[in-house]
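Once you scroll down, you'll see the structures, which are given as structure tokens.
Below are two complexes that have chain A in common, paired first with chain B and then with chain C.
For the complex of A and B:
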């Protein structure tokens, strides 16, 4: 007799996730950044945009813990403000890549044939195209705004999801339970959404964290090149850029945004690795 | 029409291979009465499964194509049905169980969830009624504590249990025909015997025909009323099970019988039929078995024999069956 396990699958996944130090660190740092973005105003009394000329170029000190910039604005307040923008752009663009990449991947992987050849060709050319150039083109076509940056990064990352979904669908559709699903009389739509999609969900969750990190980095790169968030809004990328211009005066203006970009990307990658191991079906069957 | 539940007539079906349609089953005809258990035997690649999957139209389009013939199930030609009509028939009128119980259940749903889904797809039942029915089905296939097993994921069940769940799922809509595609091949002999026992038991309880595909002649002897022997995409012999074991008329069937391990004979080596099954692209001109047949003549090499009636509902595709029948060939 098989002894029924006390823990549900979800509990098993959570236990496995928290048993690894790397995933806990990733989750902790990511939550910290999230909390900073949401509740930052409660701990920081300064405005991110108010110019106070006499407070210019301060290093870290008890009043302004991260110092001030060339217009006397508090860097910590600007980091909090930038966190919102960075997370919004990263999250929003991931939603776009996730939706279109998954849809096209399901379609191409499941239908195969000519449709697959066409979509794969499009995706490969998109993938081979430098993301920065693509973002520049979209920005040139649509104008500079936050939503256009989200669209640009989102579109550039569609192949990430497309490729992984398509390859997983191709292996899942050959499983005998798919033939079994046809044999009980389910139609294509039911099989795609109830049999194929749930079986590739763990892969998707992991890919979301990795692409979110990639998108945050892309936003920082675009802003650093002056192609990102229009002034006066501050993302971490634009702060890094203005800090770079003033590098001879003070290094602090580049150090703090740089550290936060790094923390966000490392924490998302750790989170992704932890989730990948926790959700792995091959390990789950013990 | 006649009283046949299933009537396959001159079915020829092909697969796309290197851009060309290559026939894998040719002129396959067999029929089943309702309530009958028909065994289909033959080695790998003989076309047993392809024929069965054609009945349910489960082969992938466009890589598989039916080139000719008819499949009549319960008075309706399956080959002219639309995909939507087939969805109503699959799982309802005809159900199928598969060889690999380890991979034929969806790993992300509970076994009960899948049975409930199959029930609700074809029967107008409320969710809790369907669940009740699923419990009854699990009980019928001999799963202890069915109400609890309903919540188990496939990976929490053993191979034998999963095959029982598969059988429960197949039976839940009272199909007229159950296609069993080597359901015991992947199980160990003890469990195999249990599953066979279960199928016999179910058959005595409900009025259902079983099309049992296997390469194991002992299973056929155990379970079936009639047997179809297939080789290289063609039906070679059809006979009642006692008749077949008593008087096999096709050299291939005789070879299969000789290759069976026997308790009453002490042999150093088991007999094997010389040669291998020809590749689908290199089928011989004449009788497909001729290159491996000890009795082959030049006529066998040149001309493929038709299915001939040997009387007593015994059919055979061999030019020399009468000589075999009279015991003239040894």
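For the complex of A and C:
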């Protein structure tokens, strides 16, 4: 009995998700970028790192569809390579924010009292930094490497998850079924895993997509400022940085990586909006 | 009421202390000893040891923190490791550029957001509405530094209308000042305009559905008067809040824009100081930015309490 209602719920969610144009566009573009990162080598025969001096500064042409950079490297190949790095950093950092934000939010919201005051104080202080500034400070403290960038962006975005998890837990906690669960003698952990977490799952899924977009933007910004991915690896942010330095010579290096960053962020935001409507039942009727 | 305001103000203190602790722990316990950086590459081990002692680096972290923070409370951020110059003076010197840029970006974002937000609410589900949501999506998804780069390519390098970089104070030379700041302000303002626009639209839609709007219509008031006098005034409170709440992010945006447009503000200096490992400067600059954000957020909280008496009284 329970199973069938769950299934119809899931079907309803899927139908709702695919009935909105922006969700479908978001999913489609995101899958395209994902496929590009995974199978890009199959469609692009060039190396992202091989320097060919005579091919420098080409505009888009049939051989190099996005042109080449100051060292004759194929821009499309570097964008494919950068897609991997950008997705890795944004995905990895979201996992960090998700895990710690949810854990702290659950603790603070469920236990309340002193623990809540302490954790909330800490999170409010993190919140006082503009996220990009906090990421810069953490990255400065840890040094330049891909894993350190993931940690820096991940930690900077913890308050995103903390805030929504805590407030959702506080409202779920007052529900009658929680009191019921206490009454039949379940302990805190059982209640959290069986009743509280499933109830905030949809909120978390939506926030993951939105924070992933934020993280991708943060990665690009850090790399652009020279505080991101160490050379010679290409992320879209580092590519824009070199595009900026060579702006007077060619505009193409500034254009293509930016378009891809924008597409990724748009697709994640669309995906998040679509999922929110599909999962949350908060559909506007206007 | 007074009790509520005082309480909000007092709550800033622990947060500022925590912020300063986080910053200090992050940046003073770094790999690459500050004494090494200050002494320079070719100093002897004894020199470095002596410098470390005179800088207090051989003391426990909490003593170091207190030495630093107690000086900060007196308005002294210490000295640059590299040049030995006063950081407080440096912050004061660089602050106006960031402040002017942030204020101008806020103005720009409101000037974009309000008309578009109103148009999309009043002409709901029309082509205006779609156009606005399209602009909103682009604004949110476009990295501000990329938009800035495209501006430079188009308006400076191609058309030659505006300078690519630099800063002139608007107070000293308004025309040149705006010519230098308008592109950075637009590149930051665009993404914030998107959020503000959405908020304007939603707030206005909510108000438009209220009974008193129907009454106003029934009285036969002309459309623009209804929107202007009745709807907008009531819709503006959440809009103002959203604008104010974005100040912190605006500062974040300014940091990147300052680097793109080579503006000598706090933001570009944070980046420079991290690059040159002059961490006392990094700490000072980030602390200043964080404190500004905390103060602004506190004012919004208080404002909320004043406007809506239900907020936060029983806590």
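To be clear about the criterion, the second predicted complex is superposed on the first by the 273 of 286 C-alpha atoms of A that agree within 3 Å, B and C clash if a C-alpha of one lies under 4 Å from a C-alpha of the other, contacts with A are read in each partner's own complex, and residues count from 1 in each chain.
Note that in this section contacts are C-beta pairs under 8 Å (C-beta built on N, C-alpha and C of every residue); 3 or more make two chains touch, one makes a residue touch a chain.
Nothing here was measured: the structure is a model prediction, and the numbers come from that model.
J.: Does chain B (first) or chain C (second) touch A:235, or do both, or does neither?
T.: Once the two structures are laid over each other on A, A:235 reaches no partner at all.
J.: Would you sort A:254 into first (chain B), second (chain C), both or neither based on which partner it touches?
T.: Touch status of A:254: second partner only.
J.: For A:93, is the partner it touches chain B (first), chain C (second), both, or none of the two (neither)?
T.: Neither: A:93 stays clear of chain B and chain C.
J.: Considering only touches as defined above, state whether A:113 meets chain B (first), chain C (second), both or neither.
T.: first
J.: Residues of chain A touched by chain B versus by chain C: which partner has the larger set?
T.: Greater contact footprint in residues on chain A: C.
J.: For A:209, decide between first (touching chain B), second (touching chain C), both and neither.
T.: Neither partner.
J.: What residues on chain A does chain C touch that chain B touches too?
T.: none
J.: Quick one: in the complex, what on chain A touches chain B?
T.: Residue positions touching the partner: 1-2, 4-5, 9, 113, 175-177, 179-187, 194-195, 198-199, 201, 281, 284-285.
J.: Can you name the residues of chain A that touch chain C in the complex?
T.: By the definition above, chain A touches chain C via 121-122, 124-126, 128-133, 136-138, 140-141, 143, 213, 217, 220-221, 224-227, 240, 243-244, 247-248, 251, 254-255, 258, 261-262, 265-266, 269-270, 286.
J.: State the interface residues of chain B toward chain A in the complex, per the touch definition above.
T.: Touch residues, chain B against chain A: 56, 58, 62, 83-84, 86-92, 95-96, 98-100, 103-109, 117-118, 121-122, 144, 148, 152-153, 155-158, 161, 166, 169-170.
J.: Would you pull the chain C residues touching chain A in the complex into a rising list?
T.: Of all residues in chain C, those touching chain A are 14-15, 18-19, 22-23, 26-27, 29-31, 124, 137-138, 140-143, 145-146, 149-150, 152-153, 157, 205, 248-249, 251-252, 255-256, 259-260, 270-271, 274-275, 279, 282, 286, 289-291, 293-294, 297.
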